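Before anything else, here is the set of structures, which you'll find just below.
Below are two complexes that have chain A in common, paired first with chain B and then with chain C.
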Partner chain A sequence: MKKYNRGTTVGGSIILLLLLASAFASSLVTMNPTASDLMNRLKPPNFSHILGTDHLGRDVFSRLVHATRLSVGVSVAALSVSIATGLSLGLVAGYFRGVIDSLLMAVINILLAFPGMILSLAIVGIAGTGLGNAVFAVCVVSWTGYARVVRGMTLSLKERDFVKAARISGSSDMKIIARHILPNLLTTVIVYAATNISSIAMQLAALSFLGLGAQPPAPEWGIMLNEAKGYISTAPWLILAPGSALVLMISAFNLFGEGLALCLNEGKRVGI
Partner chain B sequence: MRKGNALLSIEGLTVAFDGAPQPSVDDVSLTIEEGRILGVVGESGCGKTSLARAVIGELPARGVIRRGSIHFAGRDLLSVSRKELKALQGVELGMITQEALSSLNPVRKIGSQFVQTLCEKMLVSRQEAERSAREFLEKMSCPEDILSRYPFQLSGGQRQRVLVAMAFALYPRLLLADEPTTALDSAVQMRVLKEMMALKTNCGASIMLISHNLGVIAQVCDEVAVMYRGRIVEYGEAKAVMTSPSHPYTRGLIGSIAYMDCDRNRKLYTIPECRDTIQRPGCIFYSRCEWCAEKCAHEPPPLRINDRGVLVACSR
Partner chain C sequence: MWKYAAKKTLGLVAILFGVSVLTFVLTAWIRGNPAEVVLGRAGVDPSRADVVMMEQRMGLDQSIVARYLDWARNLLRLDFGTSYTSGLPVIEEIKYRLPATLHLTAGAFVLMLVTAVPIAIFMVVKKDSWTEYSLNAVTFIVMGTPGFVLGMGLAWLISVRLRLLPMVGNKTPAHSVLPIITLALPMACRYIRLIRSNIIEVLDEDYIFLLRTRGLKERTILFSHALKNAFIPIVNLMGISLGSLLGGSIVVESIFSWPGLGNYLMISIGNRDYPVVLAYVLLMATVFVAINYLVDLFICFLDPRIPFTEGKGR
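Showing the complex of A and B:
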């Protein structure tokens, strides 16, 4: 655990930067991200608008910073809901088996039969467009991963001797799950989450890009990409800014996740 | 057989595993009185551990109790509710398992596991639990700082001692000790046995001691049950069984102990290897028995009491 991994450090600092940007978005930029100024449309980067202005004359930098708040916040929300659902269902199914387990696995297999993006498109199509529904759709797709990982680990942990010993000494099922099984699979879930959040962020941006997630004029990276795509030859900075932000965030999460997995595996206690 | 107040009485217990051709515990009956130590000996796979697991109510997934009854302190253990069983486990029925090396949660410190168990089971405060944990670990000659260590930082013997200490600290009325001294050197083994005797004399606890070590059995047990292929072949007062064994299997086991001062030129006695594995209608020990007669192959020997008051399953 002593060894530092450069990827984790770089990824971690970018994530920290993004979190800070989203936390202090309003004090970082003074310009209103949704105020249009039709006299200053499609201005290239200059001193008053460091990333230029878009087709409605809105300041791109200010929109970008505010979009960070929305994108990061929404991704984290979707991630938390997915983890909470997948973790609890996976634990219960793996530990108690029986009907619950068969039912859960059936549902997961049905959900996995569809490509993730298609499934979330269908869900948003049925539930209606909007950020809330987009988050819901992404959660429906991504909780299955957690449930499967957690269920599998619970199955094997349940047969370990320390769980048997706990059972013999009279611990209740809930206590065994909370004290003996959960702590032992937490690192795996954390590593999985760290790599999974980037795909969640991308799916949410994609849904917004297609006009199914966040709705204009809200500042969101997907929306910004969508609005900028018409001006790709005349005002390329419009698409570069949110595009690079998205790439930056996803690479940061991936770097961090991979580094974390490496650290935790290296530090895995031996001999047990 | 002495008849006192039986703390644990098992009648005709048969435990079978799915897919196994023969039951791993076959028609076993025994009693443990208050404050007595029963030793259970026998080779690997003879059903000793399954017997203990059946008593504590935690058979492995595919094990089923086919027949028989288990009564503990007047309660029928096979018909108590799960909640009642959970309340009994650990507090009244203690168990030290064979798998000491992996019976501790790898991600939690010894102290947290030990203290939490005591707090919950004995309903004592944290301070009290910690004091008692220290006391028992010290008795097992564990190092001072063991409470703040993780299981992987301990040696095998230390881990086993932690589990033994944990089982003792709960003052169970019946302790099922499944080879509690296997990974320990003889000095620590002596301490564990001494603590076991202390638990018996001070708290009137009863103990079922499962072991391969006949020396240990002879030293601490009041009664001995010898098991072979899931059945009891000899069962009686420890002294009577150990000094003049009646069943050929017991004789073989005792005869094959090597002593420091034994004749080095003489070959150590061994029980003949199992020649066939098919189930015969007769004696289960027939194929390995050196004293077997014609009728042993056909009719199973009855469990009868010999002149020293020992139950023996042998027709000769």
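Showing the complex of A and C:
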């Protein structure tokens, strides 16, 4: 078992920087990310606007930095909801079996029959656009992975001697789950989450890009790219900045996740 | 094996039933009253009596089970209802746009197939060289590039700066080059990495070591032994990758104004044309499930050693 992986360190540092940027966005940049200045529309990068201005004369750098809040923050929120749902349902189904288990597996198998992006698009398309619905849609798609992994592991952990011993010595079901089963699957869940967050971030950005997620004028990388779509030939810097930011974030998540899986020897179990 | 096939077929039917139920459940999220949505499209503020009449015409006054059965019965006759916007049967609208999307996804699938496997093998052959390191870095970055970023980047570089290819529409074959590359590339990179590590893993196995001790050439081992055993995960991946291709096609069609189903879906979502959205989701899920069913059967014929108990991962 390798304890150290350069990818995890590099990816982790980038993620940390992004989190710091989102926490201190307003002190990092002084310019208002939503203040338009129609006299200075579509200006290429210069001294007062280091990444130029967009079609409404808003400062791209300021929008970029403020966007970390929505782009990173919302991904983390969607990830947390997915983990919480998948973990609790997976534990209950795997431990108690019975009707709950069959029902859960049926729902999961049906959800897995839909290509992920298409299901989330349909949910947002029908429930209405907006950040809340986008997060909900992405969670509907991604919780199933956690539930499957957790359920499978609970099934096998339940048969292990230390769980049997705990049961014989009179521990309650709740205590067995909390003290004996949960700690043994946390590593796997963490590794799965680390590899899953990049696809969550990618889906949320795609929904915003298609105009279904976060709504303008909020600064968000997907929205910035959507707005830049009409200016590919005249203002390519509008694509470069948020595009690189997205690639940086997703690659950092990928580096971190892959590295963590290698370090903790969990690659096989989460399917990398 | 036949027992397995029969079991799989039963599973397929059950899943398709589940898919139809879930799609129907989605309608519960429609904001407001669908009858009002239809009437509101005409531009007039509908009176209470109009809404009630429309509800009756659309069958909204019946119980949910009756409505589902009615809807499902129509589905079996490929009747997805009529589009709120055009008033034409949804199936006609879909048929009209399907070829463009098929062209895009099939092109991307073929491109993915013909690039991923050779490049992965090349990386294994060149293991621990600078060529491999740089390919590793490039595939890693492209894998983390969302389709819309890659598409807009390529459009700027190839169409705007170099003026090599046209950007929007699908008039000539040249129009399809950029959308197909955009759709195929990120996924191809993902598979290059997966196939590469798969082959390397097989090369670590005992029987390969045995072949080496017998003095076989590295190349013979790679091509006639390792590759054969890395093949099944690849086939499995191909079926699963179809889902990402179908999802990715929506974004790509929207960037390049490709007149396919994905573009139509986005327009229909904007118009709150729910029958179209539902038909699209249902169709895509059916295709996805059916292809993966065929892949499962194919793998079963390829390698009868696989234990056929649990469903495979996604």
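FYI, the second predicted complex is superposed on the first by the 262 of 272 C-alpha atoms of A that agree within 3 Å, B and C clash if a C-alpha of one lies under 4 Å from a C-alpha of the other, contacts with A are read in each partner's own complex, and residues count from 1 in each chain.
To be clear about the criterion, contacts are C-beta pairs under 8 Å (C-beta built on N, C-alpha and C of every residue); 3 or more make two chains touch, one makes a residue touch a chain.
This is a predicted model, so every value here is computed, not measured.
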| Looking at the combined model built on chain A, do chain B and chain C fit side by side or clash? | fit
| Using only C-alpha centres after the superposition, what angle do chain B and chain C make about chain A, to the nearest 10 degrees? | 100
| query | Which one hits more chain A residues, chain B or chain C? | reply | C
| query | Between chain B (first) and chain C (second), which, if any, makes contact with A:Ile118: first, second, both or neither? | reply | second
| request: Considering only the touch criterion stated at the top, classify A:Arg160 as touching first (chain B), second (chain C), both, or neither. | output: first
| message | Contact-wise, after the overlay, does A:Ile223 reach chain B, chain C, both or neither (first, second, both, neither)? | response | neither
| request: For A:Asn184, select first, second, both or neither according to whether it touches chain B, chain C, the two together, or no partner. | output: first
| request: Pick one for A:Gly170: touches chain B only (first), chain C only (second), both, or neither. | output: first
| task | Pick out the closest CA atoms of chain B and chain C after fitting on chain A and give their distance in Å. | result | 20
| query | Which residues of chain A are in contact with chain B in one complex and with chain C in the other? | reply | 271
| message | Quick check on the complex: what are the chain B residues that touch chain A? | response | 56, 58, 85-91, 94-95, 97, 99, 101-108, 116-117, 120-121, 150-152, 163, 166, 170
| query | Once bound in the complex, which stretches of chain A touch chain C? | reply | 106, 109-119, 121-128, 145, 148, 198, 202, 205-206, 209-210, 212, 222, 225, 228-229, 232-233, 236, 239, 243, 246-247, 250-251, 253-255, 271
| Of all residues in chain C, those that touch chain A in their complex | 15-16, 18-19, 21-23, 26-27, 29-31, 140-141, 143-149, 152-153, 155-156, 159-160, 167, 242-244, 246-248, 250-251, 254-255, 265-266, 268-269, 274, 277-278, 280-281, 284-285, 288-289, 311, 313-314
| task | Write out the stretch or stretches of chain A touching chain B in their complex. | result | 160-162, 164-172, 179-180, 183-184, 269-272
